[in-house]
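The next part holds the structures, each set out as structure tokens.
Next, two complexes with subunit A in common: one pairs it with subunit B, the other with subunit C.
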Partner chain A sequence: MAAPTSNEPLSDPTVRDRARFFRQALSRRLPGLGESGVGYVFLLPTFLLFTLFLGFPILYTFYLSFFRFEGVSDETLLWIDLPGFEFQLTRIAELEFVGLQNYTAMFTDTLFLQASFNTLFILLVQVPLMVGLALLFAVALNASFVKFRGVFRTVLALPVSANLVAYSTVFLLLMQESGLVNYLLTSVGLPAIPWLSSSFWSRMTIVGAVTWRWTGYNMIILLAGLQNIPQQLYEAAEIDGASRIEKFRYVTVPQLRPVLLFVFVTSTIGTFKLFSEPVIINSGGAPLDSTITIVQYIYQTAFIDFRLGYASALTYVLIFVVSLLSAAQLRIGGSADA
Partner chain B sequence: MREETRREAVWQFLTYAFVLLGAVVTMVPLYWIAVASTLKESEFLSSTSPRLLPGDSFLANFESLQARQNVQFVGHPGEMTQYIDLGPFYFAYDFWHLWDMGAMESSIFVAVVYTALSLLLCSMAGFAFAKYEFRFKKPIFYAILATLILPIQLLVIPLFLLMSQLGLTNNYWAIILPWAANPLGIFLMRQNMRSIPDALLESARMDGATEFQLYYKIALPTMKSSLAALAIILFLFQWNLFLFPLVILDQGKYTIPVAINQLVGAQRVYYDQIMVAAALSVIPVFLLFLFLQKQFVSGILAGAVKE
Partner chain C sequence: MSGITLQTVRKEFETGDEHVVAVDDVDLEIRDGEFLVLVGPSGCGKTTTLRCIAGLEDVTDGTIAFGDDDVTDLRARERDVAMVFQNYALYPHMNVRENIGMGLKLSSSMTSAEIDAKVQDVAELLGIEDLLGQKPKELSGGQQQRVALGRAIVRDPAAFLMDEPLSNLDAKLRAQMRTELQTLQHDLDVTTVYVTHDQTEAMAMGDRIAIMNGGELQQVGTAEEVYRSPVNEFVADFIGSPSINTFDATVEGATLHGPGGFEYTLSDPSPVEGRDRVRVGIRPEDMTLVDDGVAIDTTVLEPMGNENFLYATMGDQELTLRVVPSARPSPGDTVEFAFDEDALYLFDANSGAALKTKTDAGAPLVEEPEEPEVAE
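Then we have the complex of A and B:
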């Protein structure tokens, strides 16, 4: 508030009261919408950021997907030069309209089809594996007899603190033909596995790396859900003579469904966005096409080949597929017991 | 009854074994990073007899990492180019150059600013959705929820063009602002803030609190653990952002993921440097995790992910 100097007009109580009254009155009916205006005021910054950085890109990607990028241009479209404010809008991209060509080209693009296959393969193996493991760990760590639960929880969740690029590199080293993992395998008498050089196993390496990293994170989310299941349900099940597995099947899983669903959807989206792991693990010698993911392919088309239009079309197809899949998951997960 | 207790014991043993195995498998790569960062490259790359005990080359590795031309991993005192010379007094004019930030500082700086900004925006939006009535509230909320499904980092191309239009290329705001209003954060805050009793807000209003005071004097303090949980999620998200920083940042402004990626050179990969960088990059998140670990579990309440 006001500094404690003697001639400060604000230190006069009546002035201060009046100022406060006006401030309150103002905050109540700020944009002339009465009480309800406050909600909009709280939402305003979010709304601005969403339109600028989400709304615009979504629409512009759609627009771009019907064009072919011809090159960079610095033609000025709009130039506002006011004292204290300058804004210049340049054309940036030279575009040529090609209609639906970008979308039809996809179906004959073998690399794109390969990338889709790889992504789906990783998705189908990785997401169930990881969510299953996370669920088992969460249930185990929720059992009251386990000591040092806090320690285990922290240890299991630690991999999320490892840097993406760094841990991919570490997996690249661990999975070498003569790396630590193969050393352990051969020392117990198992055959060494070509983790990085065969198409199948290099995909599995990516699955393993991603699972290693995100299982603990998802476990914590599931654990939070588990702790909110009412204890009476278990007691009731016990009175009915339910076994451990029955309790898991008929109490834990249904009660946890919303959380499980959340984990499934976010993991699916995460897998679709897979980018740095395949980029780095692929440098281990597997055939290039065997691990390339959709996002990696989009990056390559956009920022190495500079086919921005085609990359935009690919992005749109990906967004469409992800949305469809998430909606389907929500639908299945939400309505199974209704 | 004895049969029962024996089965119980077996069950407990199995649970312990499972959790322990998981913990060990989880720790192996992390431990290996820590050990490898203290070994010479030739020592940890040779596989005939993997070294499992730390060596003493950590500082040497760190120095070779710092000597890299294309990557500045940890910053160093900068050169103060601008001075104001007032007789006996010298003033450094360009305070930003007191310290030249490396990737480590950049990442921490960006992640902290992003987390703070995003917490503010998400809690404000969550508060609006939880405690106010206004027109189009439901449609707006569901529109925001729908963007959860959108893989936002995929909008790299238009974002890049937009940023160059706004003059934000090679600027940290470019990797902070686009995801500052985080739909997941808004959702979590809204779910949790619904538990704030209306009577509490109403009585504060009677006492003459402004609506904004309701938000920062009542809503925020009661949401501490949720905010902590959200802080971890947001921090990790920004910490791991790779694709867009790779596209938009130039050398000298790299964040950790981009910097480490830069170490994977075309001719020769210096694994010892990568290992040191990897080991160092774990530390800040590890500390954050240690401090906020308790709140992380309690903060993601049941209400958070229900519905």
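Then we have the complex of A and C:
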């Protein structure tokens, strides 16, 4: 076999040809799919997993929200018994149809209303605070005079890698009545703050914890956005007579708009999903349910009270509200071209 | 409006361990209302010089004055200059009206109605009044170019600074914008510093041309001056298209011996007195095909319609000749050329400084076919 070795590039097309033959053979054997349809066959595993673990729960949750959960069922729906193969499909749950009752009940559910208020409060304080801080850090780090930029960036972004339970526990310890924070406050002559026992301050503790953890993450995204703004726009603005603040107002903000929007939307969704921090720091909503969040309430309803139908309805309302808010943010922030 | 004076302007950059002198003690006087073109190969410091004038770069040493005012320590926004950038640097999120009006909004006390009126005037002047509501990305390159110009014009600045503003346009549009820019600058009578790497553009547009190389200013002069009387071989080589032919020659008395069979006896040997080597320069347009000249071998003939470019070798020296369209030697043919001593350039073999430049009558630079008839 002297010829092929001298003609080395042949081996490459052969592999490609074989792949093509296989694809063509496959599409012949699967009529109706066509050449492009074969691609979907390769995507099938993903679609299957998606359907099983995401599609089905999403639809079943919606279905559940119109029922009252009465308990686990052992009723058999389908039973196939072949030699060497046995398959049994049981009903998942004992359900009683209640129509829209789960949805109407929410409006008189004081704990749900309290949880909504808490979540909204935390959202309205935390998201602007965090995005503002993240932007401040990003702009500062982007300035050309900063030395050790890499070090600062890493240090600021580090909290995001902290384990949820671990960092929440640290916050719990720091914010104790006689914890480090109050010790520092009192040592400079300030009054101690009831971080965990007052309704207002306990919510602020959550705000602080979440802000600490996520500011660096958002800063990295904003910093990437800042670095994408062409330097020449700043030079053009300088020539046009813009001051530092005017450059920020007329160049940075409009250019950063899509990135800021992304940060706002993801942070809003993240805060709506707030769960671990209040559970650990405020041991499940203390004091007096003033830190219980919507997701925490849904968890309680579903897995402690086992009111799966009602919890499903709550979930759908949460999704609806989050979608509405995100859509509104996109509408407001994305209207003008950036 | 004012002239611009640069005195021993120096700009050094530190990039890591590297120390770069981008602008090396440049002295330059730009007259009031003048169109000065800074030209040179890439990396020659022309753009850095322009940015120093704009105030976008601090000078390491030296002073810059607008008229009698020393502006060396002023920031760009305080210098009252307008700049057109190579890629226009239009604000992408603003429409044309806002882009043009931004400078007035930020640095004048005009009301928004006054600004609008001014923007409208400038847009009409540039023929872009229909585009005022559009965003930069909806515009073609030529239209964006006009908006960038509009942004500069609207402010009635002390000086226009242009950094290769035409290089992103296609050839046809570039030629059109070139004349438009000249007309505009002439009408507005504003001191303009224009940076380009294209010597044709420089020759065509500049009242005067400043040629830079390696951070140093080589020569300042009108197009004809730098073409006819370059101070050194670099300027002679950079100015003129196609480039001048240069080669080494040894000197024996009044006779030059070059590559191939090149031999020429100077009627006036004073420039080469006391030298044994020089660099010889002959412009392609000064070479005519004759029957009893220097023999060269044709390699390629490029017919241009109105003239032919003949590429040939003389020994191992490549030459370019600009000949009449009727001259059509085939590749491999041996032809012979001659030239006038008046048209000959001689440069120092080491420093490249000019020893002798063109001393012919001058005018017929392009109407080269007439020359042999005159000779006869």
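Assume the second predicted complex is superposed on the first by the 271 of 338 C-alpha atoms of A that agree within 3 Å, B and C clash if a C-alpha of one lies under 4 Å from a C-alpha of the other, contacts with A are read in each partner's own complex, and residues count from 1 in each chain.
The rule is simple: a residue touches a chain if its C-beta (ideal position, glycine included) is under 8 Å from a C-beta of that chain, and two chains touch if they have at least 3 such contacts.
What you see is a predicted model, and the numbers here were worked out from it, not measured in a lab.
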Overlay on subunit A: subunit C relative to subunit B, clash or fit: fit
Subunit B versus subunit C as contact partner of A:Val321, first or second or both or neither: neither
Contacts of A:Glu246 with subunit B and subunit C, given as first, second, both or neither: second
Partner contacting more residues of subunit A (subunit B vs subunit C): B
Partner chain(s) touched by A:Val98 [first = subunit B, second = subunit C, both, neither]: neither
Partner chain(s) touched by A:Phe137 [first = subunit B, second = subunit C, both, neither]: first
Partner chain in contact with A:Leu120 - subunit B first, subunit C second, else both or neither: neither
Partner chain(s) touched by A:Leu129 [first = subunit B, second = subunit C, both, neither]: neither
Contacts of A:Leu174 with subunit B and subunit C, given as first, second, both or neither: first
Subunit B versus subunit C as contact partner of A:Leu54, first or second or both or neither: first
Smallest distance from any CA atom of subunit C to any CA atom of subunit B, in Å, after fitting: 5
Subunit C-contacting residues of subunit A that also contact subunit B: none
Subunit B - residues contacting subunit A, complex: 11-12, 15-16, 18-19, 22-23, 25-30, 32-33, 36, 44-45, 47-48, 50, 121-122, 124-125, 127-129, 132-135, 137, 140, 144, 146-159, 161-162, 164-165, 177-181, 186, 208, 210-212, 215, 236, 239-240, 242-243, 247, 256-257, 260-261, 264, 271, 274-275, 277-278, 281-282, 285-286, 288-290, 293-294, 296-302, 304-307
In the complex with subunit C, residue positions of subunit A that touch it: 230, 232-233, 235-243, 246, 250-251, 254-255, 257, 336-338
Complex contacts: residues of subunit C adjacent to subunit A: 54-56, 75-77, 81-83, 85, 87, 89-94, 102-103, 106-107, 135, 137, 151
Interface residues, subunit A side, partner subunit B - complex: 20, 23-24, 27-28, 33, 35-43, 45-46, 49-50, 52-54, 56-58, 60-61, 64, 89-90, 92-93, 133, 136-137, 140-141, 143, 145-146, 150, 152-167, 169-171, 173-174, 176, 178-180, 182-183, 212, 215-216, 220-221, 223-225, 227-228, 244, 258-259, 262, 265, 269, 272-273, 275-276, 280, 283, 295, 298-299, 302-303, 308, 311-312, 315, 318-319, 322-323, 326-327
